[in-house]
Structure formats: C-alpha cells, structure tokens
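Below you'll find a set of structures to go through.
Two complexes come next, and they have one chain in common, chain A, joined by chain B in the first and chain C in the second.
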Partner chain A sequence: MLLYALRRLVYLIPVALGVSLLVFALVHLAPGDPISAIVPPDAPKEVVDKLKEYYGFDKPLPVQYLRWLGVTLTGDFGTSIGTGRPVATEVATAFGNTIILAIAATLLAFSLAVILGTAAAYAKSRIVDRLVTFISLVGVSVPHFWLAIVLVIIFSVELGALPPMGIGPENATGWRLDGPHLAHMVLPTIALSVIPLGVVTRTVRSTIKEILGMEFVTALRAKGMSDGRILLHVLKNAAPTCLAVMGLQAGNLIGGSILIETVFAWPGTGFLLNSAIFRRDLPILQGTTLVLAFFFMMLNLAVDVIQTMVDPRIKRG
Partner chain B sequence: MALQTPSLELGAPVMAPAAATATRGYWQSVRRRLARDPVTIVCAVVLILIVASSLAAPWLGLADPYKTSMIRRLNALGSPGHLLGTDELGRDMLARLIYGGRLSLFMGVTPVACALLIGGLLGITAGFLGGRTNMLIMRTMDVFYAFPSVLLAISLSGAMGAGAENTLLALSLVFIPPICRVSESVTTQVRGFDFVDAARASGAPSLTIVRVHVLGNVLGPILVYATSLISVAIILAAGLSFLGLGVKPPEPEWGLMLNTLRQAIYVNPVLAALPGVMIFFTSICFNLMSDGLRAAMDVKA
Partner chain C sequence: MSNLLEVRDLCVTFVTPDRTVHAVNGMSFDLRRGETLGILGESGSGKSVTLRSILRLHPERRTRWSGSIRLEGDEVLEMGPRALSDLRGGRVAMIFQEPATAFDPVFTIGQQIAETIRRHTGKSDTDAWRRARELLELVRIPSPAQRLKAYPHEMSGGMRQRAMIALALSCNPSLLLADEPTTALDATVQIQVLLLVRELQREFDLGVIFVTHDIGVAVEVSDRIGVMYAGKIIEMAPVAEMVDAPQHPYSRGLLASTVHGGMRGQRLEAIPGAPPDLATAPTACSFAPRCRFAEARCTAAPPPLAAVAEGHQVRCVLAA
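On to the complex of A and B.
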C-alpha cells in the first residue's frame, strides 16, 4: 500500500514540474514588463534596468525559471508587492481560513448528499426521487455567487439573522471556535456546499440504485437479512465511488471558493487572489495559485490511495 | 463548477459496412426519442426564446440599455415605463437583461466550442495514434488537471488582465483538457472494435478510418459531453465578470450586472438578484437539455 502511494507520488513529479512551469508563465502572460507593476511609468531607465537585474528579469527565460524554481522549492515565494510581507506568510494565513470554510462545506454537502441520494435510490414513490433529482439539478445549475447574494439578502438584509460578511465580529483577526465566528460561517458554508451537494447527490443516487439491482442484494434479502443490515452492505459497496467524487469536489471547492469569499469578504485564498489581481501583485498571484494547485494534486492522490484501500477490487496497477 | 470527467461508455456502436445508411438510422432514432421527451423540448424552446430575444433585442421596442438617468436610479419592479425597474445608474433593467443575454451566452458557448474543436482534435489524435503521441498529449493535459478549474480560469485571466478576449482565452484553456480526455477515452475504445481492424486489413488509409469509422462513433459522446459543459462555462464566465475580470462596464452582461447591483441589496434586493435568475434559468435549461441528449443518444455516463 505504502509502496503504491510512493509510486503515485513519483508519477506526480513531472506533473508538478509542469504545474510550476505554468505558474511561472503566469507572470509572463501579464501585459507589459513584470517590473512595470512596481515602478512608476516615468522611472528613469537606469533604475528600471537595475531593478530588472536585481530581480533577474534580464536573464533568459529558462534561466529565470530555474532560479525561480530553486528559490520556490526552499519555501521562499518572494515578497508581496502590495504589503511588503513574505508571500508564504500571507498565503499560509489565507489558506487556513479557506480550509476551515472548505471542511465545513464538505461535511455539510457530503452528509446531506448521502442522505438525499440514498433516500432517492430507496424511494418507492416517484415524488421523492423526482424531488431529490431536482435538488441535485439545482445544485449543479445555480450560480453559487448569486446564491450567496440571495442568502445575504434573505438572512442578513431582510431577517437580520446572520452577519452578511467577514470572518468574525468587527476587528477580529483570524478564526476562533465560538458563537459569533460560527455565525459568520453559516452563509458562506451553505453557498459553498451547493455545487458538491448537487454532484455528489447524483453520484450517490445512481451508485446505490445500481448496487440495489445486484444479485447479492437479492440474495441477502432472500436470506432474510434486515433492511438496516442490507443498507450497511450497500453503503460499503457504494463508498469508494462516492468518496472519489467527493474528494474531487472538495478540491474544486477549495480552488473555487474565490467567488464566495469575495461576496462574504472571507479572508481566504480566494479573497487574497482577488485583491492580488487588482493590485497586480504577481508574486501573491503566483504563490496562491501554486499552493492551491499543489494541495489539489495531493488531495487527488490521497483520494486515489484511500479509494484503493477501501475497495480491494481496484487493482494497484 | 465541477469539471468531472465521466467515464463515458459508448452505447451500441454504429457498426455496419454501409456506414452511411446505418448512421441515418441511428440519428433517426435519436430524433424520435428527443421528440418524445417533453422536458428536453421545453428547455430547448426556452433557450431558443432567450437566444432569439437577445439577438432581436434592437427590434423589440426596448429602452436603450446604455441610457443612464440620475433621477431614476434603482426604481422598483413595475414602475411606469420600466417593467423590471432600473439599475444603479437608472438604466432600464428589462432591456439590460435581454441585451445581456448576447454577451453572457456568447462568453459561455464560445469557449466550449473552441475547446471542442481543439480538445476534440487533440483527444482523437491521441486516442487514434496511441503510443508516444498519446503520452505527450495526455501528460500535458494532466498538468492542467492539477488545477481546480475555477482557480485556473481566474489565475489565467487575472494574469492576462480584464477583458472579454482574455476571458474567452482563459475559459477555452480550462475546457480543452476535459474534452480532450473524454475524446481520447472514447476514441481508444472505438479503435479496439473489430470493424476498425477490418477496415485496416482491407487497406483503408488511416484518414479514411478516422473519418468514416472513428468520427461517426465518437462525435456523439463528445458532443453530449461538451453540451454538459456549457452551463458550467456560462456560470464561470459570469463569475469572472462578477469579479471584474471579464466584460467591462458599461456593457450589459449578467455577471457584471450582479456585481454592480450588489450595492443595491439594501435598497432594492429583488432587483439586485434578477441577473442571477437569468444565469440560473439558462444554466438549468442547458443542463436538462444535455441530460436529454445523453439519454436520446444512448451515451452512458
């Protein structure tokens, strides 16, 4: 098992290099000179040249890439142009806030999806099945940033029940586990969970339906096993597929939370990325993208490994 | 906004030496199945109405979508002369919502069409040639797969700067890998069928095999998959505009309208939510239509 995980990790190295190349290229996709973001347009040419030399922008691109890669591998992501603080610190703080939201949304989406999907698969009446199918359709079709605004309108503007933005009470720095902070989490968590809810509900429903039609279920029924015990067998068989889909969704949720974080002014990676884009803070843009992409890769790897652990039928090829 | 790659399995392959007549039979049955599917028909009609009204907007007798009015800002729904009220600059909402369909739909459909062309070509090439070419193409795609799709779109268009062209480019790049993967997997399946071997044994050149035997069998599943991406693309394009990365003001576009109307949620909340309703409806219709097509074309997801 460990060997399998290690081998998969080795396979990731070329992909990781490709990712780093793409992230490096982000700076050079930007219009104009990368140096133009930090110097005023009327700066004398000598100053610009000095700065170019200082940052290594005068070297050929392959050399620049290797230098950047070497520095980045040591954990040095450069300095934020906007705040002057190290990019690594900024990204780490924001990442923590994003993860908190992502875990909450994943738990909410997954538990609801398992309940709804199982109910739909078991449902004798077509109404329940139709209703669940409709819910999952809405989940995958709704623009989640719009849903976030609608939630704010209903629960903050009209009802005044929940705070519309921020991570905690005013002047709060960072997240803590207490009432006011949890209240701030409710709306973003719901808004963030709709897409995974829709996708996973679909998967759970179709997987369980398929398993219910298998012969071993008929055999268990004929044997006189109670419905509850049969459900356990069914869930166990459905788990690998559902876990895999949920894992992918969880990763997308972390990368995709930028819109939700913007609506709720949640100080996570998405919010950081958004402000970096508008300040043309390219080191932050690079650092955040790189960290999120690596997290996504690792998460996908973990999902694969867990899936093969849960399901011995999958060959570890 | 989840780009999942479904493991597409082909339905019954279009198998017959006289491919032309057999194909017609298949499409006929697809059409028959579609005609008996009320949900798909309703969605298609709604979509046609949205597209047609946005294209015909100048001739519908609507107000000027760009004309601002300082004294008529944020009028409520149903106010005289403005059926759906006015936005934060006093522009007519009904006109902006209908005109907005032009850019919103264009920004959603174009990237998928581009990705279909490029990704499909790459995927079919990789699947048909196999070997090193396959390795090279598919491993390159793996790099793009290492990014969550929304992150990739935002980082790319964020680096390139705001603007509709950059959004289109970024979104096309986001959708090429999934379409390429699906195309590769169905092509690899088709390549293994006996009729391909038979054609090769009878001396048919590769291009003919691709044109007659491969394309006929893979285009259906690839198209169905691409239609399922349109709703994602529309939401993502609107999302980029919502962040200020896509279409620039004062153009009417649903995502951008949601952004600028956010300041109005305390004054006129219903108005502020309207553009999202348009995105939601369009995306639901595309999703349902894609499901209907999948069922009618017998592509298992």
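On to the complex of A and C.
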C-alpha cells in the first residue's frame, strides 16, 4: 500500500511539470509583456531594455522557464506587484484562511450529505425521499453567491445576529479559534457548503439505493445480520464512489470560491485571485495557481489511495 | 416422526401501487429431518419465492403472506424481528444461485463467515476464525488459511460456491435452502458441488430444499420431487416414481423436454404456450390453457389434490 502511494507520488512529477509549464506560460499568454505592466507607458526604451535584461526577459523562453522553475522550487515565488510583499507569504496566508473555511464547509456538507442521502435511500415513505431529492436539487441549482447575499440580508442586516463580512473582529489579525472568529465563519461556511451538499447527497442516495438492491444484501439478511451490521456493509460498498465525488468537491472548496470570498470579504485564495486579476499582479496569479494545482493533485492522490484501501477490486498495479 | 418443516396453504402476493402478483397460490408440503426435497419448476413458477418465504426475505411492506410455515413447530410467519434474525443463518441457512453476487465484494470470505458465527454463537473473534477455517476444510477448499483472507473476486465460481456452503453450514442449521446453487456454474463444477451438498446433507442429517429448473440436478440430489406450476405444487412424488411414472400432463411434458443421449436427430418435445400471468389468483387449473388433455371441468374449478400411490400426489382431474 505504501509502495503504491509512493509510486503514485512519482507519477505526479510529470503532471506537476505540465502544470508549471502552463503557469509559466500564463505570463506570456496575457496581452502585453510583464515589463509594460510595471513601467509607465512613456518610459525610455533603454530603461525597458535594462529592466528586461535585469529580469531575464531577454533570454530565450526555455531558458527563462528553467530559471523560473529553479527559483520556484526553492520556495521563492517572487514579489507581488500590488503589495511589494513576497508572493509566498501572501499565498500562504490566503491559503490558510481558505483552508479553514473549506474544512468547515466540507465537514458540514459531507456529514449532512451522508445522513440525508442514506436516509433517502433507506426511506420507506416517498415523502422523505422526495424531500431529500428536492434539497439536493436546490443545492446544485441555487446560485451560491445569491444565497450568500440573502443570508447576509436575513442574519446580518435584518436580525443582526451574525457578522456580515471579514474573517474576525476588526483590528484582530489572522484567524484564531474563538467565539467571534467562529461567528464570522457561520455564514460563509453555509453558503459554501450548499453545492457540495447537493452533489454529494445525490451521489450517496443513488449509490446506496443501488447497493440495497443487490443480492448480497439479501444474503446478509438471510444469515441473520442486524440492520446496523448491514448498514456497515452497504456503506463500505458505497464508499469508493462517494469518495471520488467528495474528493472533487473538496478540491473545488480548497480552490476557494471567488464569489463567496468576495461577498464575505474573506481574505482567502479566491479573494486574492480576484484582486490579483484586477491589479494584473502576475506573480500572485502564478503563485496561487501553482499552489492550488499542487494541492488538487495531492487531494486526488489521497482519494485514489483511500479508494484502493476500501475497495479490494481496484487493482494496485 | 415429527416433520422438520410443515408448509400449509402458503400464499404469497406482492402488492405494489402499479400491480399485484400472486406468486405462490396455496403451497403445502412437509419436509422430514434429513430429507432432500427437490422443487422443480420453470422461471416464474414461484419456487424461489416459496424458498425465500421460509426466511421471510421478501420486503415486508409489499408482501402479503397467508397460510402457515412451521419449523420444528414454530410459526415463521408470526415471528418477531428478533426471533426471525435468530432463525436466519442459525436454524435455517440459505445458499444462493450466484455466489459472485451473494458475497459482499469488499469484505474477505473469512470476515463474512466469521461475522455469521459471531452473530449466532457468540464465539470470540479468534474462535470464529478458527471455526471458519475448519469449515473451508470441510468443503474441501485447498489452503484454507489463505482463502479466508481472499476477497470473493479472487476465487473461482466453484470455490465461491463451496465457500457459500461453508458459510451456510457455519452455525449448524437443521434446514438448508438451496436456490439453484449450481445454475451459475460450469457442468463439471456443478457435479462437484452437487456431490458435496449431498455428502454434507448426509453427514449432518440436514433437511434440504433444493430449488432448480434442471431435472437432471433435481433427480441427482432429491429424495422427493415436487413440480411447481403457477405458484402451486402440481405433483409430488419420490424421485424414482416421478421419473418412471409422472402423472400430471405438465410433469410429463417437462420430463419429455429434457435432452439426453441417444436423441440425436429427434425432434425435442416442448410444452406449447407460456406460463400464465399471475396478476390474478388462479381460479381453475392454471395449466389447462396449455394442456393437450384439457376438458371443460379443468377450467371450471381448481382440481383437487389426488393421491395416486403412497407419497405420490397429483393435482389433476385426470388422475383423480
């Protein structure tokens, strides 16, 4: 199993190189060149050339790529054009904030989805099943930024119960595990969890329903197993399919939602990307994209490894 | 001598909002301890439904039962959930048609046998695994210790069915229900499994109900054979008599439609028509529409069960 995980890790190297190539190309795909973004339009040509030489833009592209890759691998992602702070620090802070929100939303969405989906699949009355199907349909259909605004209007503007924006109380820096910070998390967590809730509930419901119709469930009943024990068998069978969907949803959440983080002014990666796009802050864009892509790959790897652990039929070859 | 199992006037009806199916319509039979009863019938004749009713495996919400199923004097149709789950896998065990789908694919064979032993005997995990290993030896699975750690997909069809038999015998049942256990297997493996079932049945003095549509298989394993049609037993006789002197036109047709050596070039005799739709409960002889000998009285009322010899009963007006 460990060997399998290690081999999969090695397979990630070419993928990671591909990603880095794309991220590098970002600079050259964008209209204009990076130098014209930082110098005034009327700068003399000698200054521009000097800058190009200073930043290495006069070298051929492959050389530029290798140099950039070498520097990036040491953890140096460059300096933000917008703030002048190192990209690594900016991205790390934003990423930490997004992760906190993503974990909360993931826990909320997945636990609720497993309970609702299982209940619907087991439901003897059609009403329960219909109700859950309706909830999951709403989850995937309602625009989550709209829901976010509605939540703010109800709970912050009308009821005044929860803070409408920010990561914590004013003039507090960073995130801490305390009441005021948790209160700030409630609304963004809910808004962020609706899509994964809908998607995962639907998957759990249909997977479990299919498994319940299988012969081995009848065979388990025929040998006198308790309902709880049968549920254990069913859940383990449903796990690989559900985990695959959960992995993708968790990946989306870690990517951070530009819309949700913008509505709640949550200083995460989505928020950072949004401002970087408007400021044409290429180093930030590159750094964030690279880190996110890396995390997405690791998450997929984790899901694959867990799947092979749960389902012996998946070949470890 | 008291009977192990007594089934009386069993009717099983499935009711869904869309339609109703009268799957079993008045089954009555007895099974002695240590006896093997073969139930022969084509698809949809209600043989599997009857078998599964003995464990009450059908969804409670959509199934209507009437009549009586008594196991060693206990009424199965009136059992509470606790008694029922003690019965299942404990006093009555079942082997399924397709061992590939009857085992949970993500648990090992050993886990699945051991959990059954733990459930019914209260043995410790270690003792349950030791017993599981003995059982695999009993059904002659080579290198049993390794096989316990195997997943169902890592075994061959015949091996899986042996493991299924080991699972069924794990808690010393007095009644074994076999639902076409050889249908999904290769011919050579079929015979091995049949011989194994017969041998174990004798060794443990098991009552066995063996459901099949294969006449050869039924003749091979059974002491008595009951032929089912449209949810009823239409003829019941000891094996030799069923083979030599079947009385009911359907039994005769069924036995005539088998293929055996020395028939090359001859036209195979088939029964014309198809089994009846069971949306309504039959009010007359269900076979009459396909019967060559049908008369007016066949469609007027259900034919009575007539005894034509010791232990040989036929549900046909011609035999009465």
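Throughout what follows, the second predicted complex is superposed on the first by the 316 of 317 C-alpha atoms of A that agree within 3 Å, B and C clash if a C-alpha of one lies under 4 Å from a C-alpha of the other, contacts with A are read in each partner's own complex, and residues count from 1 in each chain.
Note that contacts are C-beta pairs under 8 Å (C-beta built on N, C-alpha and C of every residue); 3 or more make two chains touch, one makes a residue touch a chain.
These numbers were taken from a predicted model, which means no experiment stands behind them.
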Room on chain A for both chain B and chain C (clash or fit): fit
Touched partner set for A:Ile260, first chain B, second chain C, both or neither: neither
Partner chain(s) touched by A:Leu29 [first = chain B, second = chain C, both, neither]: first
Partner chain(s) touched by A:Arg313 [first = chain B, second = chain C, both, neither]: second
Partner chain(s) touched by A:Ala219 [first = chain B, second = chain C, both, neither]: second
A:Leu282 touches, of chain B and chain C: first, second, both or neither? first
Superposed arrangement, angle subtended at the Cα centre of chain A by chain B and chain C, nearest 10 degrees: 80
First (chain B), second (chain C), both or neither touched by A:Phe145: first
Which of chain B and chain C A:Leu292 touches, first, second, both or neither: first
Broader residue contact with chain A after superposition on the shared chain, chain B or chain C: B
Nearest Cα pair across chain B and chain C, whole Å: 17
Set intersection of chain A contacts, chain C complex versus chain B complex: none
For the chain A and chain B complex, residues of the former touching the latter: 14-16, 18-19, 21-23, 26-27, 29-31, 137-138, 140-147, 149-150, 152-153, 157-158, 195-196, 199, 245, 248-249, 251-252, 254-256, 258-259, 262-263, 273-274, 276-278, 282, 285, 289, 292-293, 296-297, 300
For the chain B and chain A complex, residues of the former touching the latter: 1-4, 139-140, 142-144, 146-152, 154-156, 158-161, 231, 235, 238-239, 242-245, 255, 258, 262, 265-266, 269, 272-273, 275-276, 279-280, 283-284, 287-288
Parts of chain C lying in touch with chain A, wherever the complex brings them together: 52, 55, 57, 61, 85-90, 93-94, 96, 98, 101-107, 115-116, 119-120, 151, 153-154, 167
Touch list for chain A against partner chain C, complex: 124, 214-216, 218-226, 229, 233, 236-237, 310-313
